[in-house]
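Single-structure report; data block below.
Labels run A, B, C and D following the written order; every chain starts at residue 1.
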Amino acid sequence: MHTAILIIQCRDNKGIVAAVSRFLYENNGNILAIDQYVDEEMGDFFMRAEWELETFGIGKDQIQEQFGSQVAKQFDMNFTLSFNFPKPKMALFVSKLSHCLFDILSRYYSGQFVVDIPLVISNHADLEPVVKAFGIPFHHIPVSKDTKSEQEAEQLDLLKENGVDFVVLARYMQILSGNFISHFPNRIINIHHSFLPAFVGAKPYHAAYKRGVKIIGATAHYVTEDLDAGPIIEQDVARVRHHNTIDDLVQIGQDVEKVVLSKAIKYHLAQKIKVVGNRTIIFS
Amino acid sequence: MHTAILIIQCRDNKGIVAAVSRFLYENNGNILAIDQYVDEEMGDFFMRAEWELETFGIGKDQIQEQFGSQVAKQFDMNFTLSFNFPKPKMALFVSKLSHCLFDILSRYYSGQFVVDIPLVISNHADLEPVVKAFGIPFHHIPVSKDTKSEQEAEQLDLLKENGVDFVVLARYMQILSGNFISHFPNRIINIHHSFLPAFVGAKPYHAAYKRGVKIIGATAHYVTEDLDAGPIIEQDVARVRHHNTIDDLVQIGQDVEKVVLSKAIKYHLAQKIKVVGNRTIIFS
Amino acid sequence: MHTAILIIQCRDNKGIVAAVSRFLYENNGNILAIDQYVDEEMGDFFMRAEWELETFGIGKDQIQEQFGSQVAKQFDMNFTLSFNFPKPKMALFVSKLSHCLFDILSRYYSGQFVVDIPLVISNHADLEPVVKAFGIPFHHIPVSKDTKSEQEAEQLDLLKENGVDFVVLARYMQILSGNFISHFPNRIINIHHSFLPAFVGAKPYHAAYKRGVKIIGATAHYVTEDLDAGPIIEQDVARVRHHNTIDDLVQIGQDVEKVVLSKAIKYHLAQKIKVVGNRTIIFS
Amino acid sequence: MHTAILIIQCRDNKGIVAAVSRFLYENNGNILAIDQYVDEEMGDFFMRAEWELETFGIGKDQIQEQFGSQVAKQFDMNFTLSFNFPKPKMALFVSKLSHCLFDILSRYYSGQFVVDIPLVISNHADLEPVVKAFGIPFHHIPVSKDTKSEQEAEQLDLLKENGVDFVVLARYMQILSGNFISHFPNRIINIHHSFLPAFVGAKPYHAAYKRGVKIIGATAHYVTEDLDAGPIIEQDVARVRHHNTIDDLVQIGQDVEKVVLSKAIKYHLAQKIKVVGNRTIIFS
């Protein structure tokens, strides 16, 4: 079913829900989901509405303008209008570890992710056979300090050529430059293998072991220029005990990582995420 | 802040959100929360709205009628209108175990539960000192098979005299009669010490041990005539291992029970629960 | 590293740990893990010891006899001696759902499971390409009521030819006969998509939805003739809310299923499971 | 039942379990629990053994010496010998928040904690009635920057007079000096309201809200001079969503705090904790 999705932000005020729902109703919109949230600290109102497009009284290309003039202007709204089609294009960046890649490909295979994966990019060749088994082009672009900017340029060209909408770093062990990130604002999802903000940076399982924590975790977040400090989309944890070695932590943690990353992808695909400052609203 | 709360059920249809939100807006209602849910299996629409009463344009006593004629009639709605005042009156029924009682009284003491507790009823005298330390009247009503109906009559009298709105069975180890229950439909909350529907009835920790489960749990539900089969409000679990004895399960489980029961009470107090058939919608 | 693993059961008594550890010490055994557990209800003592084989003073083929005469006899022990080599052979049975299969193959690929997978058997052809991509033979054996015994005979022949040690039912939607099961006592692992003993049998997610539970789960267990009633190896759960449809429950549940099943396989491969009656001891 | 408890640390070596268990067996010790753990990074062996004292062949006062000369010397062991009697004396330090206090007192009341509580110390008078209702002396010692050392001296005098074995900071909102801590090494348990090492210091729920985490937590740890950096005993977490306010986080978090703190107390009372560097081994 083709749907339209509206995400709104404005100062909290009386009548917003009434105005938006009237706009949809008067144009014969069949609402599938409507969620709202008031951030009391900011005093801002947020809303997400999704409705059937086929029976809607306003043509797809006119909605932006008409909603703008009939509703948004009055409340000084920021809003984004989007659609659940065409299928978005997701690029995967991987290094050597396969657990997140397999988890994503498994969901892609079974139809749980409604997405196209036009390419996988890696700084190592190891996972090429896995990716090819799924019929997905694999690009091996080794990365070195000295040539990083050229390699990122090559990556960006590939993403552009393939019309990629968003990028998933499925345990890609490289730090992206600010320039690279600027091409995909809030459209690069990373999985970090700790419950952020604990254990930012490299080797978080080693750090967790050393600190003697009883719980380890994983965090999916949008990538910003600040390392591991972007808006958190999803987190989860697993319990560990003193007798677990660092290798145990790695294995236990991988089960958390892959599920957390895939949940974040699912929210992103469903267009249920609104980034506000450095936080996320997950409409669900 | 005084608020009004509307919970609506009707056939799913276009324009419901628009009609309800217009009604609130046109009467100057400041919406504090609005949640909706469509049960696709039933084809029914559910909504909960809460708004400030003081600035509302319709008097407290007129809202029922005006909403009925202006909105509900058109959509053939079932709706309940209620208010977050006066403070509801909660009766506690206990036997000998104190963990749920303490947890509830602790929240009552700290102001986390906005409620009055006019009395505690027990079939044993053991917990009388605890209850009295909180300045709450304690009624010891021993229960025996032969005299159960008289004792329930005595309990019902006490509840009536004290204007009790709802009853919490905080590990009260007696089964209430259908007659008793009929006086408090969806207003008696029980905590059962298993993750229902597993281990209905007596001694669920023994049954869990015998079955060799790796997880135990607790379930808060509204009491109906079918034992441990009423609408579930909240559940949670804890992990156990082979070396845990039945006594261990009891101790581990008690921590789950008390938190689950108190969450259910919190939802009930906030009027966030809608019972639909044998399921609950928790607006939150 | 080659290791020997001893699992012991006997009446609880003084001196058992001393006798076993002396036996290992006097024969120059380097103990890697030693765990013991007393079942107070039964009065039985259980122990698992694992030690390095290479430096051990008794030849691999003599340990059974010498431990038997020097230690086990005195305490009237039941014991099993096994080794962590050669690599065990695991057969997978699947139907159409791929999530558990992918999870297992992903761990196999990355070396997390030290196991051989000589074949996959399915009653449907759907997953053949996936399995073949991993270079594993796939046998499509459609199952019908009338011919079930012949088909099981064919399956058993394949398992025998391939020297299969244990079988994993990775969402294999068929019930195995008592005869089949008798060939692999405590060596067939099934994943059931509910937190047993709740929702035994077919369509547990539908049943969970209907009952209105707030938590769903999955259970890995050894298969016995009683449907979904064999010894539980591992369980886990996930939280659901009223707005989750049955399809949501299926998706949320699949993430639990695959992790629970893989944990059970890991325990089985590490020879850390002792079945006692209908319960399991997980030495870990 | 009176028991003796031995906790051992030494270089890992062959024959340790055999030597310890032979010592216990030859002296007619009925072992109730024996747990061992090898820290592969350090190369150290750890063991905890608990056995019945009454039937043991060596007098309570001779065990230390005889185990030292017969076993410990040979392996160059560090060991501590202790007993599960007399009942330990626990002091509680509180400020204004009552949830942890109630949880502890509730377990004390029901006999879940086998402990004496000779006194509660607070820098505020608020909780005096609660404490007195349990018949426990309450000492109100206001703390100010300028007079902190005198007040700590007063606190230490009270702890000494009352023969206090260990101190629990049940949301005591003051930082103890290094001098104070030095009197109770690894015998002061604090509950910090975050999943450490995230959100060290004041106002962790505010910091968690600001960072936009999807999970909050609590950590029980032994107090050292480094703020919130001592050995972690127990941690747990709870899931939060974008619509939860800071007040919500506080309420949700309190349920985690109280259970985590009480679990840590339980481990401490059972003498199941061994601190190694800045980590804890929890024998269980």
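As a convention for this text, a contact is a pair of C-beta atoms (placed from the backbone, for glycine too) under 8 Å apart; a residue touches a chain by one contact, two chains touch by 3 or more.
Here's who's who by UniProt: A, B, C, D = Formyltetrahydrofolate deformylase.
Everything quoted here is computed from the prediction, not taken from an experiment.
**Student:** What's the farthest chain from chain A if centres are computed as the mean of the Cα atoms?
**Tutor:** That would be chain D.
**Student:** List the centre-to-centre spacing of chain B and chain C in whole Å, with centres computed as mean CA coordinates.
**Tutor:** Their C-alpha centroids are separated by 41 Å.
**Student:** Take the average of all CA coordinates in chain B, do the same for chain D, and state the distance between these two points in whole angstrom.
**Tutor:** Going by mean C-alpha positions, chain B sits 36 Å from chain D.
**Student:** Could you draw the chains as nodes, link the ones that touch, and say if you get a line, ring, star, complete or other?
**Tutor:** complete
**Student:** Touching chain D in the complex: which residues of chain C?
**Tutor:** Chain C reaches chain D through residues 14-15, 17-18, 21-22, 24-26, 28-31, 34, 36, 38, 239.
**Student:** Where on chain C does chain B make contact in their complex?
**Tutor:** Within the complex, chain C contacts chain B at residues 37, 40-41, 195-199, 210-215, 217, 231-237, 241-243, 245, 278-282.
**Student:** Provide the residue numbers of chain D that touch chain B in the complex, in ascending order.
**Tutor:** 97-99, 102-103, 105-106, 109-110, 112, 130, 133-134, 251, 255, 259, 262
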